[in-house]
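Okay, handing you the structure first.
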Amino acid sequence: MPLPFSSLNSAHARTARASSIARALGRLGASALTIAGLLAVTFALSSLSPIDPVRQLVGDHASESAYRAARHALGLDVSRPLQFAHYVARLAHGDLGLSRSTGQPVSQDLARVFPATIELATIAMAVCAVVGIAAGMLGAARPGRIVDQCVRALAVLGASVPIFWLGLVALYVFYARLHWTGGPGRLDDAYEYTIDMHTGFVLVDAWRSSETGAFASAIAHLVLPVLVLAFSAVGNVARLTRTAMLGELGHEYVTLARAKGASERRILLSHVLPNIAGTLLTVLALGYASLLEGAVLTETIFAWPGIGRYLSTALFASDTPAILGATLVIGIAFVLINGVTDWLVHVFDPRLAR
Amino acid sequence: ATPPDILVVAQSLDDIVSLDPAEGFELSSVQAFTSVYERLAEPDRDDPRQLDPVLAQSWNTGADGHSLTFTLRSGATFASGRAVDADDVVWSLRRAVTLNRAPAFILNELGWTAANVAEHVIALDAAHVRITWPKAVGPSFALNVLTAPVASILDAREVRAHDVANDAGNAWLHLHSAGSGPFSIRRYIPHEALVLAANPSSPGGAPHVRTIVIKNVADAATRRLLVEVGDADIARDLGPDQVAALQGEAGLATLRLPSAAVHYLLLNAGNTENPVLANPAFWEAARWLVDYDGIANTLLKGTFEVHQAFLANGVPGALNTTPYHLDIARAKAILARAGIHDATLTLDVFNQPPFPDIAQSLQATFGAAGITVRILPGTASEVYARTRTRTEQAAWLYWIPDYFDPNSTASAFASNPEDGTATIAARAAWHIPALTDLTRQAVAERDPARRIALYTQIQTHVQANSPFVIALQAHEQIVLRSNVHGYQQGLDADMVYYDRVSK
Amino acid sequence: MSDVNDDIAIRIEALRVGFGHRAQPAIVLDGMDLSVKRGEVFGLIGPSGSGKSTLLRVLAGIERNWSGAIDVFEHRLAPRMRFKGALRRDVQMVFQDPYASLHPLHTIGRALTEALEVNRIDSPKRRIDAMLDEVGLPGDVLERYPHQLSGGQRQRVGIARALLLSPRVVLLDEPTSALDVSVQAEILNLLVRVKARHEMTFVLVSHDRGVLAHLCDRAAVIERGRIVETWDRQALSGWETETDADARVESWVPGASSPAAS
Amino acid sequence: MMRRIWRTSYGGRFALVVIVGVTLVACLAPRLAPYDPYAQQFAVRLMPPSSTHWLGTDGLGRDVLSRLMYGARPTLGLAVLVIALTVPIGLAIGIVAGYAGGWIERVLMRVTDIFMAFPRLVLALAFVGLLGPGLLNGALALVLTGWPAYARVSRAEIAALRRSDYLAAAEMQGITGFRLFWGHLLPICVPSARVRLALDLASIILAAAGLGFLGLGVRPPAAEWGTMVADGSKVIFDQWWLAAIPGLSIVVLSLAFNLLADALRDSTDPHHER
Amino acid sequence: MSDNPLLSVERLTIRASDASRPSDTSPARPIVDGISFEMRVRRLGLVGESGSGKSLTARALLGLLRPGLAASADRIALAGRDLRDLNAREWAAIRGAEIALVLQDPRHALNPVQPVGKQIEESLVLHRRLSRAERRERTLDIMKAVGLPDPVRLLGAYPRELSGGMGQRVMLAIALVNGPKLLIADEPTSALDARLRDHVLELMSTLAEERRMGLLLISHDLQQVSRYCEHVLVMYRGAIVDACDASALATSTHPYTRTLWACRPGARTHGSMLPVLDRSDRSWSVRS
């Protein structure tokens, strides 16, 4: 029998590598396009806004000449397309303009607040992933039974409860009434402004600070917002895990694994789970994105100094550069999450690695 | 609970744009300036009608009535440890004028401009400063202008050291301080917190608490919760319901402090889309259509008192008569007599409490007289944007004096020089050449008693004839933990004193 | 128009079809020449992927990207041409998987009626009843959905739908390979009956030599997009003795014979 | 369909009852509401639930039950408006892309991806922040970010069929154009779009409530559930029901749509699914 | 052969429980209706048309019916050991060790994200205590035995990289690696090319002989079964309607068997009608 298997295999690997690079490049291009689209929309929005940014800047008492000078300084005295070009050019240098409500460069503000959001969303995501996948697997292992019903009920409930309301209720019950958790903010005041924030991640900074108790305080403050945020997404993760698992359990390879004598637990963990890993990764990525969004409302409730609260404050101050900047950053985070997930799925799934 | 040496204040800080006293003009920033900076003279904190020398030891009025010479207090030092000298004073005042940011107009009232301020503010020697002014205003007015936060004295050398691109240290001062007040800024995180550290070398003596954390808590219910649980020592700007609920709770004390803010309804007589707004009879009817009592005593109980003249109670010259009350029948009669039927108007209000509640109350009472009110809630900048461009029909607004002198308010409500100056009267398109003259006369008047009399006359006129319905004076309700002592607060926005607080 | 031979139903010359990139297309049909006589049953056999279905799809007007020359009766086909009117009715196709070729959300009645409606053929009711009778389906299938029929019944519906438009050529793409041998027998019998009753030309693709030998007048082998061998009836009769064992030895090239995993 | 959902599960039953009920209440609010939702009575501010005011009164002494009934209107109205725009756009684009293939598909799907990547709530906030408050501006953002989901799914479903036998069979019968789109392609996408739609309704309701909660929703004195929660949260520690009741209403309505989605998913005949 | 047949089944019945039954099947009729047979030869064939219950029977023997289906029997015994009422752990010990299964389509039956080597090894991991090196050795041995080329390299290959024939051999390797007593092959070749079918079936029947292992071959192709099996059971609608030696299939008198045998088209049948089943004739369909 002819055995061209070996040669073909390495050739295959080579083309696979080449095509995965091409894929990555294609992805990158797609992401860039998406960000460009986002830019265009946000810019269009800002130019549709009825608020006069110049007036906002120079105030009421400014003379006509001062007004014109400020208008020129803001680059608003040229045509719209040119303004857009300038906007993009400045963006390329990381310049998002000056926030009108903090008086600081928006980029600097965002660099300060974004870590807080990342921290909140990431921890919530971790909780979500562990709890959601475990619950989904439990449900799938015994479809229709009590555990499964509970998982399904929780999933639906999680997707139905407005997060701001849940946050309010949680704050009311666990902080105000029961005093179980820390209140709004990231730390108790004893630490909040005394420990140095190097990384912007409160857990890291509290851990590294010399203040004993700072870390515990950080945890106490994290618990509620993390749980509230996670609750909104965990149901979806559980539901999709369950659906994916159940779908997968119908496949023939599961029958074969059973016929080998593998236990149900082994089948779920070592056969089904790797097979739905790509799906789960995508689900988690979507969840992560939705958590970033959910942070807007959660942060407002819990006085969490992240990008969500920054954005809602900017909204009330009609602080256009800040609104645009925050929207853009969240948009870029979305695009990155999508891109990275897509890439990971392709890298780790032998079925797709071609 | 809060640590013993830290005072935690929960309030909204979202309004702060700048902590440079030559630029900051928001409620929270001017409050902070009082703790961080000092001026030559300041209103007495117990009786603001009195002036206390602060960085100045004394002053002399020039014979022409257009100059003042200050003798500086010896031994006063900045937080940096440097002594305050005449150069700092001159540099700070000139800087405020030449930087020409929002509050600079206060100093412009003296006729100072970027071009001429150098000749009007001069150091005689290290301890003496002399100021002159070209405008026809009296020296007591000039002194009052210098009590405004914009006239704060900065550590010139320190600030100059942080000059970036000729901004006179403006960018640096957004986040830092260089003053002689009882506190200095340790850390400012926009929208999050302002942390003040005690300045032991302050001329007024070292404050009792080592650190103040003024925490931005945007939501009033949360502020209340924090102080109730003990995670804040002081909570400001609480709504009536929150205060009412805390009343009588152990460990808490409530302060109700009058403020110089007056709330009023502005009718834009210049709005051509809705000509009824130019009809004085309509203005008159509107005065009978506000449920003054209901708003002040039931709806927003404790946060307002009925006040119908533009000078707030406590400001020199304030008029305290309240001739108007809710009387729908009377308003209807006035409207009928003037032949006004089915009037409608849009009402701009801020979308933050308590304004929507007030607006809805107006909507109800105006509606009862057949006037349809459509509410347009907006962010502060949107509402201001509309009033600035005079596209509003009516707006519910409030006024806080910029400096502690009746002219600050009178020149807004009772003056429309029609030269482009954006006074409130101008925004309402209220044409009042005679009244404008009278206001100008009042500010130039050097005899205090006659000055007061003039302001009473002006207020009475505005009360009865203007397109404004001045309705309420605000009270601020503050809840403190009962172990907090020595907190003081005055009438005007900047009069917030933390230096004697102990806990 | 080239010379029209009354005897020829389908004439194909130098037919080329490629898929994929314009720069380097995967050539599926590579200069195929073929003619099918009027009224005959013409069989096609060949390894998987050799282009059998593609050829039928071209003839049916579904695949319109090709080059070469094709005549179907008096119609000269052109690349990118959409079949209309008489041509559309003249060429009909029966598919391999009867389930996949019926709209899952349409009742059988709707599927059959629509064909007549679109082509504005009158008295659809009568025609459909007659046709059901002919293919041996009970009348009540009209209200049913495809999933409520057995595989054999579905294929009968597929045949009925094709015949309703009275085509002159019927293209059959592995019409029985999804069916059981016993059901296959029923369908093959049906095809023989139908063929005898109507004047029609069949082009039949199958991978089963038995089916071809049973049904065809002539047959051809396609390999890599070309006709490599043609048999007449006599040659087909000789198949009886051959067994599957002397088919070429399987090549072990990975993935060569397995369609891409889904 | 309805009957099938009804039969499938208790969840489906609950969903139908709630959705029909809320819709009826919203439509008939002027007849059902015991009080004028805008009538203020300062004398009875912040009353707890009682026999005169079943759900108590709010900070302006308005009847909460009446406001709750009227409050269903903007929420449902917005949801219907957004759906009415997103679903047709999404399905049309998806089906065209999936059926046409080639560069048309690539271009349409690239555009879809761009809009898909937009953060939904954040964009809604940005719209409202920059164009001014109001549910309509929020709706615009929800439409902008809502259609791609439909487009993607329907494209995938149709593209999987592009070379399928039954589209070929339709072609054989000369079925083209609108008839093909309406009668053959669209029905394929309907079951999944229906599930997606129910899910979407739930998320739109939450988004609208979120906007309202941030004070960016309807203009006062109009009632809207999210705004009512925000108003109630001012006094949540004393009159907790003022925030709890509208909050629960949001939960129940969006729960109903989520359960409907579940029921739709379950009741979709497996034979009809590909 | 010993007295104890390798496999003996008495009155095996499979029903759908109420919830999962499609609405159009009548509740009374079981899907598999009390079938009994014994496996006294090495290679037994089970044939019947689609839907006759062959696969369900096979799965019931492994205790692998899907939820919603329930089997009952008077006896199911593997080499004398009764398999009814085993608990999950006991079943797991038997499956893959004593009874093995080969499925129809290697493209679906192999775990797509696991390398082939690991999938074969798993059978060993589950039933034997072996060192890593021993496992690898045995894996390579069995791969060679089923005729997989270049086994070392193949260990790390994923199923999608294999041709259908190779995939089927891998599945065979998985089934055989523990040396089971009985191999059940459920239409093991119907997803394969015509040419490949014979290779794989040939291999199976040879291995069954070599390893002294029972083979239950399920198929709907009578000719095929007659070639590779010694004895054949014919199923129709959940019942065994005919049973005979493979050599006697062509001459079976049972009408169902006869039709199945004769309805294959070919040159011989050209121009004539093929015999078809008279499905309305129920006289032979129920026989228990």
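Here the chain labels run A, B, C, D and E in written order, and each chain numbers its own residues starting at 1.
What we mean here is this: contacts are C-beta pairs under 8 Å (C-beta built on N, C-alpha and C of every residue); 3 or more make two chains touch, one makes a residue touch a chain.
Just so it is clear, the model here is predicted, and its values are computed rather than measured.
A.B. asks: Counting one step per pair of touching chains, how few steps separate chain C from chain E?
C.D. replies: Minimal hop count between chain C and chain E: 1.
A.B. asks: According to the touch definition, list the chains common to the neighbour sets of chain A and chain C.
C.D. replies: Under the touch definition, chain A and chain C have D, E as mutual neighbours.
A.B. asks: Could you pull out the chain whose C-alpha mean position is farthest off from that of chain D?
C.D. replies: E
A.B. asks: Would you kindly tell me how far, in whole Å, the mean C-alpha position of chain E lies from that of chain D?
C.D. replies: Chain D and chain E have C-alpha centres separated by 51 Å.
A.B. asks: Need the CA-centroid distance for the pair chain B / chain C, whole Å please.
C.D. replies: The separation of the two C-alpha centroids amounts to 89 Å.
A.B. asks: Rounded to the nearest whole Å, what is the centre-to-centre distance of chain B and chain D, using the mean of the C-alpha atoms as each centre?
C.D. replies: 45
A.B. asks: Hunt down the residues of chain E that sit against at least two other chains at once, touch-wise.
C.D. replies: 112, 149, 157, 160-161
A.B. asks: Give the residues of chain D touching no fewer than two other chains, as numbers and ranges.
C.D. replies: In chain D, 132, 215, 233, 236-237 touch at least two other chains.
A.B. asks: So which stretches of chain B touch two or more other chains?
C.D. replies: Residues 219, 225, 228, 351-352, 379, 382 of chain B each touch two or more of the other chains.
A.B. asks: In their complex, what parts of chain D are in touch with chain B?
C.D. replies: Chain D reaches chain B through residues 38-40, 42-43, 45-46, 59-60, 132-133, 215, 219-221, 233-239.
A.B. asks: Which stretch or stretches of chain A touch chain D in the complex?
C.D. replies: 30, 33-34, 37-38, 41-42, 45-46, 48-51, 152, 156-157, 159-165, 168-169, 172, 176, 289, 292-294, 296-297, 300, 311-312, 314-316, 318, 320, 323-324, 326-327, 330-331, 334-335, 338
A.B. asks: If you look only at chain A, which of its residues touch chain B in the complex?
C.D. replies: Against chain B, chain A makes touches at 50-52, 55-56, 59-61, 66, 99-104, 109, 112, 171, 175-176, 179, 183-185, 188-190, 192-193, 300-301, 303, 305, 309-310, 313, 315-318.
A.B. asks: Would you tell me which residues of chain C are touching chain D in their complex?
C.D. replies: Counting only chain C, the residues touching chain D are 57, 60-62, 82-84, 88-89, 91-93, 95-97, 100-106, 114-115, 118-119, 145, 147, 158, 161-162, 165.
A.B. asks: Can you list the chain C residues touching chain E in their complex?
C.D. replies: 47-48, 148, 151, 180-186, 188-189, 192, 207-211, 213-215, 233, 236-240, 244-245, 247-250, 252-258, 260-262
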